[in-house]
Amino acid sequence: MMPTLFFQSGVGLLLIASFLALVFLHVKQSRIRKCFLALIILACVLFLASSLSVLLGGDALAFYLMLSGLRVSLSIDVLAAFFIGIIGLVGLSVAIYSLSYVEHVGSERKKNFMLSMMAVFILSMVLVVASHHLLGFLVFWELMSISSLFLVLIDFEKEETRKAGIFYFVMTQLSTVFLIFAFALIYNHAGTLEIITIRGLPPFIASLVFVSLALGFGIKAGAIPFHKWLPYAHPASPSPISALMSGVMIKVAIYGIVRFILLLPDKKLWWGILILILGTSSALLGVIYALKEHDLKRLLAYHSIENIGIILIGIGLYMLFSWYSQPAIALLALFAALFHTLNHALFKSLLFLSAGSVVHATHTKNIEKMGGLMKTMPYTAALFLIGAISISALPPLNGFVSELMLFQVFFSSGVIASPMMTLVLFFALSLFALTSALAAACFVKAFGIVFLALPRSKEAEMAKESGPAMILGQAILAVLCIGLGVFSFQIFQQVGQKAGISFDLPNLLLISATAVFIGAVIFIAVRGISNRNVRISETWGCGIASQNSRMEYTASGFSDPILTIFSSIYRTKKINRRSFHDHDSAVFKEGHAEVLLLRFFEEYLYLPVVRLIRFLSSFLYKVQNKVELDPYLLSSFVAILALLLYLGVAIR
Amino acid sequence: MTIQLIDELIKVCMVLLVVLTALVISRRNLISLINTYALHSLVLSAIAFLFFLGEGANVFLYASILTIITKLWLIPALLKRTQKIMKIYTDLEYHYLHPTSSIFLSLFIVIIVFLAFSGIKDDLGLDPFNYFGVVMGFSLVLIGFMIIFSRIKIITKTIGYLVMENGVVLLSFFVGEMPFLIEVMVLMDLLALVAITSILGFGMNSSIEEFHKRLNPFRNWFKKVDEK
Amino acid sequence: MLIVILSVLIAVMLAIILSRSLNMMNYVTVFHSVFVALFPVYLLVKGVLPAVFHKSRYLVVDTLGAYEILITGVIFFFAAIYAKGYVACLIKEGELSKANVKLFYLGYNSLLLAMVLAFSSNNLSVLWIFAEITTIVSAVLIVTLNAKENIVAAMKYVFITSTAMLFSFIGLILLFAASKNGSGAATLNWDALLQASHQIQPQLLFFSFVFIFIGFAAKSGIVPFHTWLPPSHSKAASDVSVLLSGSVLNIGIYAILRVYALVAKSSMGHEASMMVLVFGIITVGIASLSMLQKTNLKKLIAYSSVESMGFMLIGIAAGNIFWVLYFVAAHAMVKALLFFSAGIIHRQYGSMSMAEIKGVFRLQPLAALGLIIGSVAIIGTPLFPMFMPKFYIIASLAKASLFSAIILLLFLLIAAGSFVWLILQLVTMQGAAPEPYEIYPSMKIPILALILLLLVFGAYFPLPLSGILAEMVSLLGLGG
Amino acid sequence: MSGFIAFAIINVVVVMALAPLYISLVKKMKAFLQGRKGPGLLQAYYSLWKLFKKEVVYSSNSSFIMRVAPYISIISALVAALFVPLLFIPDDYSGFGNIILLLYILAVGKFFMALGGLDAGSAFGGMGSSREMSISSMVEPVVIVLFAAIAFVFRSTNLFEILREASHGLGGYASLWLLLIPLVIVLLTETARIPIDNPETHLELTMVHEAMILEQSGRNLALLEIASAIKQLLLMGIIINLFMPMGFNLQVLFPAGILIAFGAFAIKGAFLAASIGVIESSVAKLRLFRLPNLFALSFFLSVVTIMMEVLL
């Protein structure tokens, strides 16, 4: 019963923390905030403990919660425990990071409010995952949306934050709408609200449920084309919150997809294809959009889309291979997706946290104004580098392992009986490979421009290394990133024993050890034979005496070749307005030219809907806002006549 | 009197009602409008009385007497008083419909009502005569509605509402008598409604201070006539 | 029992007429509403329902009636407490002349009386008459304010509802005739009709249902008969808006529900539910789109009332009466909270224009909190009482018609968007606003109490309530 | 395990010994075709030695990335060398040989080299890194699909197994010959040769790889040069052992078998290096933005291979 107790006390601690933070909203002492954060940290540790005990011990926890007359059953099985573990881990490091970060957030009220909402946010996510009851799931899901909305709106004074807030809200509610719809269908056909009852659905309904779940969770996860809220909401919120949202919240959506897909009966082939297409397009477009971003946090947000895509690819592959009854490969794909979920949670939180340190130090999010931070912020730089290596899927870090697993799944698509499908999978494979290569390119850019060479602005020059708590928070994640990568072989041996499958993974520990050994030998050898003189000198600049930051390669310059190659994806619109002094357009007066990047999905998917709604609403406003009485009466007169006609026709 | 004769008389009365309604649609002078309404109600009470003669149910007699008291005397008096206070004599403008188009629309209304009610004719057990009455009653309701939204002045609108109400009463005669208590309460309601619309109508045409002076206490309304 | 009640009522009216001080009138009103609120509680606890008042069975309080009376009593009680401070504010600002206060309280108490009587009417025509009377009295309450627009608004209210109500009366006449043709005994007593409903010609039943629906739909602001609602609810004093939105609107839905219960089991039941559904969806759609025009705070809340009414219709059509009834209570509470808070905002800024509401947290923190909690609650956020009825009703609707469920969800999303916009506006708009307006404590009490109630009912669904709701459903014969 | 250690030592030694040789050989071949005499075959060794003996110059802007990049590069190349059996296949190779891992180990080196290019803050380095990463991301899908095709044909993702299978001759795998062209294109790309890049020039418009390592000097430059030479040799080794397995993995007694294999490999390598020289001399460098066409060609051929395998 200890794990259950751990979990429950974690929930209790978070409730207390959020309540106290709300009560002491005006308190100025930073000590009390430390206490709140200590509560959150403790709760996260408890969650981790309970999750680990389930993962290692294997016994699912089950208990329940009374919620406005509902008996919401909570159950922590292995899947839930895995996600709770992720939440606990990221929550822990984010909370540690916040120990010093929170002091930089605006006014006292904002600081305390942020902590309170953070506690609610973590709590709601844990409960969503634990909830084994559809309504409970929905309740906590909404709680998660609302608390994260508040967190996005922390800096509400800024116009863009408000825009981000409303956008985020609409999208997240749209996702809830689809979930409600799906759950309502399940409830109708199964009769009860336990999640497990989903098994009894008739085929058509199952497909409908699947589509609306895919839409609902897809929106929340930020899969393209429903991704637009992500690049708005992430930059707007404080960095620890971005880390939580990107590292954990969108993973909760992934949890939803996995949970329900595992349960849904009568899986169709096209479900898997749909998820695969969603995943591939998100992965590729996400990274391509990320390449052109120069807002550091938005760049990371687009990478979240990319990684969600990768996770979805894994899930799609799982569905495809299990449809073709290849359970071993399917399971490998599922494990790859789940492992990537964990990995992405770790490295993306790490990246967001270090980006937060950077943004805090330089007071800008624009990477074109950064540079040279390696010297002023060495620890942050090193941590960001670890994150960057991990997200670029380079061995021996964890990001590589999960992508490797996916590659292996792709490579074994020859076993599928349908040749067409095999070809499709190979095509998807090539796109996937492109994605991971582009991600590496993008992070070379991000790391290189932000941390290397000369500072590009005064602020970047004055940047200071962040406090020990912030470093510690990131360091936990960084160590995990390395550990999960290097020890992946050993970990998956254990997992494989439990799950009853074997993973054909290379032993990265052995390889890293070899690499270290070779490195040592090389180092000694080079020192032995080479000239040890070192000279520090100016960078060669074709003879220009002193180098300045204007001569450096910029981020736009760096990504330009790739942008040119993919220019068909980035649509641009050229605006050229000119006015003249005379009628014959001969004497030029003034002009305005600009090249706009068309946001494809915004332009063709979101805005038309918004425009339509706005048109309807203003039309209705005009119609309904008359001073006189008569138009109103006329409307009811017409309605009554119509009803009469209906009666005349209907009743015979 | 024989049943046939009574039926014939009722038919005559109904024709009269139609004519009077057409007059209400097209009248512009408020005084004559109110008078036309009074006549309209008189014909209605006559029909009630004829029903009493034909079927012998006392409810019809009471209804007839009540109609005369309230609609021939009380309500027109109230309306005239309002009209005097507000110093409005004509209602010239129309919204959406002009008298001619109103008449055509009325025809259309009658057809639609005829169509709509044909489905329940047998269920209600109506013979053609009663059915005609029901259709006429309902059409009167709709025509009254039409008057409300096509005329501008509040008094005209009120009269339109009263015409509607007359239509309802007419319809109820042909369908079957309501309990008397209900009829009385409906009439009380009608009175209150006319009073309130008159007061509101006054409010729309005067300043707020004057309006509130009249609004409170109520009795002032019936005492003073504005001398301005 | 009838005598006790009548004597209390007469005493109340007399006391109001005779009293000279404002406070006295207010105390009498508070007493009256407490009495009304306790009356159904007494009936429920005693278990004497249905309570028959006369052998004609014109007035019978059954569980449904008692439930509605309870809601009415509670809302009027809060409004009465609020009125003490609010009326004083209005007089101070010169928006209400002192001479009209008596009229205001008289109207207030008559409205309460008419409401109670309407909800205790077993006879449908009696219900019709009391519903009419509530219209007239509400119109008087609306025009007590010193503003010309109020007269126009009241005028719209009176004309649109009364004309529509005449069609209801025609429907009642037809129903009366139908009951005579069907079962032999002509009656408009609802319980008798329900028992005889299977003998009545279904076409005729449906026919009269359609007409009765028109009137009561207008009464509760169903599109296209809703046009009076936004102006009159937004122009009325906030206190009155609470009564209109939280309580008077319920009459329409209540009557529709009763008559729907008659027709639902007949062979025309499907047509009836389809018609109700269509009206419901149109209502929700138009209302939610209208809410997007972000100009006037009270208009927004008023349109949200229209939307909620439409939602109740949808619930009725979907056959989930249990949760519709719960929704009625939840909606009353939330709407009261919103309008109370809006009243304070109105005092502070002297306008309801959303662009002028700046720095509200500094000036009126309680009102801002009330508005935010109200908005969060009304869009159906979990852990607030509107969530569960919304979910279950949508679930039932999805069972009946998938397509309309999707449409409905999208409309609800739009409606929610407007409220979130409101919240954002409240939270974010900062400005050099005037000094905080001094708010009487009596205006704060209802807001605090309602916030507390919402939180309690959101987290806790009392089991006895479930029994009562189930009893009402079986009373209507609309269960499962 | 001891078998593998022996393999590792032998492989690394062979790689270190032969890699610079083929660099010179290609240069020699190109010089020959241009009618020049060209440098001697040992010139690459001399140059490296000289570099080791020169002092290192760091830019004052640079950070430790600049200092570690060469080491990481050489380490990644040497670890990769353990993945590609050149002379024989050991009995126990557990944990090594995964072709995807091989690719990504090489990518680590590239990643750090690109960062090193940005580190000094010079425009050349930035340009080089940018182009290098663009090209490598373009070529990545090609390589992966190419490797997938190979893996698909041989039903394995382990290079040791693949090469063992291939050492029996390609008789059963006719479709594999299609992959020769993509493999050569990848080889040219990864070793920064014409038509993708020009290793000879320091002309800013055309250089890619050289621009990236422009700021490196002394022993660091030497390490980078060795690393890229090793990379070239490894890719050549894959091509050689896949398509020309004669003499590879002989099951003969220890020293003799190895020596024969070494001899065979050296000759085949020389042949391939000469061919690279011929190719480099006979085509013109492509514009950067024309490269996707070239990669599309090799992508197409890989896909055709897979199609043939799947459909036939």
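Order as written gives the chain letters A, B, C and D; numbering starts at 1 within each chain.
Here is the rule we go by: a contact is a pair of C-beta atoms (placed from the backbone, for glycine too) under 8 Å apart; a residue touches a chain by one contact, two chains touch by 3 or more.
As the structure is a computational prediction, the values presented were derived from the model and not from experiment.
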Of A-C and B-C, whichever chain pair has more C-beta contact pairs: A-C
Centre-of-Cα separation between chain C and chain A, whole angstrom: 44
Between chain B and chain C, centroid-to-centroid distance (C-alpha), Å: 31
Distance between chain centroids, defined by C-alpha means - chain C, chain D (Å): 79
Centre-of-Cα separation between chain D and chain A, whole angstrom: 36
Numbers and ranges of chain C residues touching at least 2 other chains: 152, 155, 159, 163, 167, 203, 207
Junction residues of chain B - those touching two or more other chains: 119-120, 145, 148, 157
Chain D: positions in contact with at least two other chains: none
Interchain pairs in contact, sorted by label: A-B, A-C, A-D, B-C
Chain B to chain A touching residues, read off their complex: 95-96, 109, 112-113, 115-116, 118-120, 142, 145-146, 148-150, 152, 157
Complex interface listing, chain A residues touching chain C: 67-70, 135, 138-143, 146, 149, 153, 156-157, 162, 165-166, 169-170, 173-174, 177-178, 180-181, 183-185, 187-188, 208, 613-614, 616-618, 620-621, 624, 627, 629, 631-633, 635-636, 638-640, 643, 647, 650-651
Chain A partner contacts - residues on chain C that touch it in the complex: 152, 155-156, 159-160, 163-164, 167, 203, 206-207, 210, 214, 218, 224-225, 227-228, 230, 271, 286, 289-290, 292-293, 376, 381-383, 385, 387-388, 391, 394-399, 402, 405-406, 409-410, 412-414, 416-417, 420-421, 424, 427-428, 430, 457-463, 466
Interfacial residue positions of chain A with respect to chain D in the complex: 371-372, 374-375, 381, 389, 392-395, 400, 404, 407-408, 410-411, 414, 419, 422-423, 426-427, 429-434, 436-438, 440-441, 444-445, 447-449, 451-454, 489, 504, 506-507, 510-511, 514-515, 518-519, 522-523, 526, 529-531, 533-541, 547, 549, 551-554, 557-562, 564-565
Chain D residues touching chain A - in the complex, by the definition given at the top: 8, 52-65, 71, 74-76, 78-79, 82, 94-96, 98, 100-101, 104-105, 107-108, 111, 114-115, 117-127, 129-131, 133-134, 136-145, 148, 151-152, 155, 157, 214-215, 218-219, 222-223, 288-289, 292, 299, 303, 306-307, 309-311
